[in-house]
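What follows is a single structure, written as structure tokens, with notes after it.
Read from first to last, the chains carry the letters A, B, C and D; within each, the first residue is number 1.
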Amino acid sequence: MLEETKEPKRNFESVPGAKAVYSLVDYVAGWARKYSIWPIHLVTGCCGPEFMQTSGSEYDMERLGVLPFASVRQCDCIMVVGVVSRKMAIRVKYLYEQMGEPKYVVAVGACPTGKGPFYDSYAAVAIDEYVPVDVYIPGCPPRPEAIINGMMLLQEKIRKEKRIGVKE
Amino acid sequence: MSEESLLAGIKEAHSDSIESAAVLQPRCISVVAKMDGFVELAESMKTRFGFTQPVACGGVDYPGEQRIQMIYYAGNPEHKVMLTLRVNLPRDGPRMPTLTGVWGAMDFHEREAYEMFGIEFEGHPNMIPFLLPPDWRGGHPLRKDFKGEGVTQ
Amino acid sequence: MTEPIIKPDVMRISWGPQHPMSGQTRILLDVDGEKVHKIIADLGFTHRGIEKILENRSFFQGIIPIERMVMADTTNIGMGYVSAIEKALNIEVPERAKWIRSLMCEMSRINSHLYAFGLQAEATGYFPAVFLWTTVDRTILLDLFEELTGARWSYNFILPGGVHKDFPEGFQAKLIKGVEYLRRRFEDYWEAMVENAVFEARCNGLAVLKPEDAIRLGATGPVLRGSGIPMDTRKDDPYAAYPDLDFDVITEPACDVMARTKVRYREIGESLKIMEQVANEIPEGPISTKTSFFVRSKPAEVMSRVETARGELGIHMYTEAAPNPYRVKINSPTLRNMYVFERLAELDEILMADIPVVINSIDPWYLDSDR
Amino acid sequence: MTHLGLLRAVAANSFQFSRTDAGFIAEAFEAVVSFILNLPWIALEFLQVNAKPLTQVILLPGLAFVLVFAIIAVWFERKFLARAMLRVGPYYCGKRSGLLQVFADFLKLFMKEIIVPKDMDFMFFAAMPVLVSTLPAMAMILIPFDSNWVLWDIGSLSLPMFFAIAGLAPLLPIFAGWAANNKYSYIGAFRVAYMYISAEIPLVICAAAVAIMAGSFDLLKIVEAQQGMWFAVPQFLGFAIFFLGVIIESERTPFDIPVAEVELVFGWRTEYSGILFGFTMMAEYVLFQAWTLMFITLYLGGFNGPVLLGMTTASHIFWLLAKFAALVVLIILIRCVFPRLRLDQMLNLGWRTLTPLAVLNLVFVLALKVLGVY
């Protein structure tokens, strides 16, 4: 059985003003991490072109500080774009394990969420069987507005975290 | 009609190694071959009748008739005619000689047919898993009796 | 799983499936310093079993998964499947529907070639300008598509018997405006990319595929035409309204990466020409013959070939007395071109730095090759 | 007793602490008290003596210059490239300007996990990004910003010293690529080795030509020699070669072969995570800064320019920074319009084109010198 994780004691909470300092630090940390989500270059399936349009000129995800990166070591977020086969799902899991904490997963499209139009396929899987997913974005493919909305939901989620990397 | 004349030529030259031959539709001919001398027939198709451009190959499963039909697709760049060269294999343990010696590009497609139908190609140079995961244990997906999902470890 | 390394002093590098330029495939490269000795393609990372899925769906339902084979080029793929169904069920298509289909196929082709063009620019390290310009220019086409069909990428618009809807009000004028805008933009592309000195230095004389090798290895589409062989299914086995339309088959004699890029570039020009012709000369009439959603077929065997942006797509369909096809064999163009790519290291000297350029010159779409 | 006296007393008696020496203890106590009481005066004295070097270390060629340049350059590059791509670039971070984007990225990198893969030489691995971003900054202290604003004035050794320090910089990526134990890093490291050697030799020959023309290895004298005419005019060839060399040395786009994203993921930087990666990104800009300043000093008249408002030093610094800003914009613009060269093409350029041309330039300068034009 898993032990219940306890909040570590904060020793200086009785000191006057400590709460204000804590909340300021939390605010700055949340702000910095919110505006600096680096997803990895990984297109698993067919929502790729729409993802390209979203990071392209008309919708421009870099406005939100979302900057796709090449190597998984520097990234914060996997955007699972499109259908995931069994062969790919293992790779997604590897990548998730190679990524530094704190890390997030966004499932873009109907296929990684729940197989979508390939519901009766023998090879497609839903990605949440392999890695924990933070945000699901529906659609086949989702419109760029939907993808940006999903990223903003992830930003809110990151900002509201009590401590770095500890999800609610 | 170039496909008619091509077909007539093929029939005349290989009457003993062909079961039947027909024009499927305009610019597409169908030749059903016997298992004996299949490689020689394919070689002759390539060198003599100009089907130099390999396209693909794949199978069709007929569980009722207990056979799998293996189909090779090749194109004739001169007459713009597509050849479907077929051969019938038994459904239990289908084996046939590889055609990678004739059309090298059939490499990928034969590997796929091996996974999807379980057809063994004798003499194939590089028979490694192609589309399915290397630890696939679920059977051959394109056979008609394949049900459900494959099991992977 | 894969063959052992034979030569000494050779390092095997796994390139993909997570790599900035690899897409959804894995390529094993045997490199000695910068020189690539051998390329081994490991496909199947997006295998969904579309051929099996199609056996379990009705004819109309099958259009949805098969259009997901190539997202940037959905109409051409859907066109192949639908024309196979029409041949199997003996459905006549009205003339106006044929013209609308041709229009959509060409718009889809431009869409896809823009994608290839942008990735080619990115592969040479020319990330900033051209790659993102293509996304801007694609919005013109996507807006036109959205107005016509209601969707941005996958339309399910070409249905057995015709097309779903007629042109909306004032669509032709918008079409001509879009064509004029794109013409102007493509002059910019030519200056910024094809005539760029560094781009020329990177692409000229790289990965030469001689015509006889192109035929022998089964290349198709722009790869084949980039080797100087004028084969195009739109001319060889015409479908839709292509017999009535005036366009040329583009070939380039140079056989290298630059030739393939130029073929795509000039094919976009031909597609724009076709779009203009359709906007001006489309005949009046009905847009579809009524076909029941639950149509059943008779036993038949048909073969339909269409020219997609990546090359010739063949759909070999067996039907029996049932609402769904018995077997659909999809001969996908990318799989044929991937074999060419695997052999290119033997035909010409390729360096490690050229791998992304060469692989994007065949314009691979792994969802297409894996099915 | 001054603080120096205290130190002397402590040093003299530190070995004899076991002995109870009441006199010593009283003396030491007195010294400590007087030191604490005099601390403000000591600090003031220190500042009075070292005011200029301190300002220089903290402000101009030093810390603030490096950091502020990195922040502004990253922001400007992202915004500028975004314009070239018909995009907006960073926008919401920092009141719709994107200015705070760099802060957000760096703060986040500080909070990320640093991953240590197995079988890796960690100390070596972790030291390299820090060194690679500080070494070029060290080279920058030799650049004269005005005739009396040189942090480390070593006279006629300054030009060779710059090349000695900046020439060390390429060694570090090689070590880093080896320590990371990754194939991509390894290839990237070897590309660094090939590329820098082929670029450094023409650069040194060009610098030698400049030194001959100025008649001194002293950077200050080189700048003074350009008061009438910038060396870019008589030595146009050298100017062009050095400009290419600056782009090569700072790994900017047509020559960013070692970190080619589409081929090698990130080259020698692939395995770095968290703030270590932040340092490697910083290194790119510091290197860029050092070589661009050197380029201006050698060819574009250094700090020379018309004196504004009667403030000689301030206007000299202004002119140097203005030239620097213009060059930075130019080099970032180049990133928008050129793809990347291949390694063999780059080596051909370095060995077969730039080196012979640099020698030609040297011969030309010698001829000018012999004919007495200069």
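Just so we're on the same page, a contact is a pair of C-beta atoms (placed from the backbone, for glycine too) under 8 Å apart; a residue touches a chain by one contact, two chains touch by 3 or more.
Being a predicted model, the structure only gives us computed values, none of them experimental.
Novice: Could you tell me which chain lies farthest from subunit B when each chain's centre is the average position of its Cα atoms?
Specialist: Between subunit B and every other chain, the largest centroid distance is to D.
Novice: Which whole number of Å gives the spacing of the CA centres of subunit C and subunit D?
Specialist: It comes to 48 Å between the two C-alpha centres.
Novice: Return the distance between the CA-based centres of subunit B and subunit C, expressed in whole Å.
Specialist: Here the centre of subunit C sits 25 Å away from the centre of subunit B.
Novice: Just the number, please: Cα centre separation of subunit A and subunit B in whole Å.
Specialist: Taking the average C-alpha coordinate of subunit A and of subunit B, the gap between them is 46 Å.
Novice: If you average the CA atoms of subunit B and of subunit D, how many Å lie between those two points?
Specialist: One centre to the other, that is 65 Å.
Novice: Which subunit D residues sit where two or more other chains touch them?
Specialist: Only 85-87, 261, 265 qualify.
Novice: Give me the residue numbers in subunit C that touch at least two other chains, ranges are fine.
Specialist: Within subunit C, the residues that touch at least two other chains are 19-20, 44, 47, 49, 52, 132-133, 136, 370.
Novice: Quick one: which residues in subunit B touch 2 or more of the other chains?
Specialist: If we look for residues of subunit B contacting two or more partner chains, we find 132-133, 141, 146.
Novice: What pattern do the touching chains form: line, ring, star, complete or other?
Specialist: Looks like something else, not a line, ring, star or complete graph.
Novice: Every touching chain pair, please?
Specialist: Result of the pairwise touch check is A-B, A-C, A-D, B-C, C-D.
Novice: Could you please specify the touching residues of subunit D with respect to subunit C in the complex?
Specialist: Touch list, subunit D to subunit C: 81, 84-87, 183-184, 187, 253-254, 256-257, 260-263, 265, 335-345.
Novice: Provide the residue numbers of subunit A that touch subunit D in the complex, in ascending order.
Specialist: 28-29, 31-36, 56-57, 60, 62-65, 70-71, 73-74, 76, 98, 100-102, 164
Novice: Looking at the complex, which residues from subunit B come into contact with subunit C?
Specialist: Spelled out, the residues of subunit B in touch with subunit C are 24-28, 52-56, 58, 60-61, 71, 73, 77, 80, 82, 84, 103-105, 107-109, 116, 126, 128-134, 141-142, 146.
Novice: Can you check the complex and tell me which residues of subunit C touch subunit A?
Specialist: 17-20, 23-24, 44-50, 52-53, 56, 64-65, 68-69, 71-72, 115, 132-133, 135-136, 138-139, 142, 152-154, 367, 370
Novice: Which positions of subunit D touch subunit A when the two form their complex?
Specialist: 78, 82, 85-93, 98, 100-101, 103-105, 107-109, 111-115, 261, 265-266, 269-274, 277
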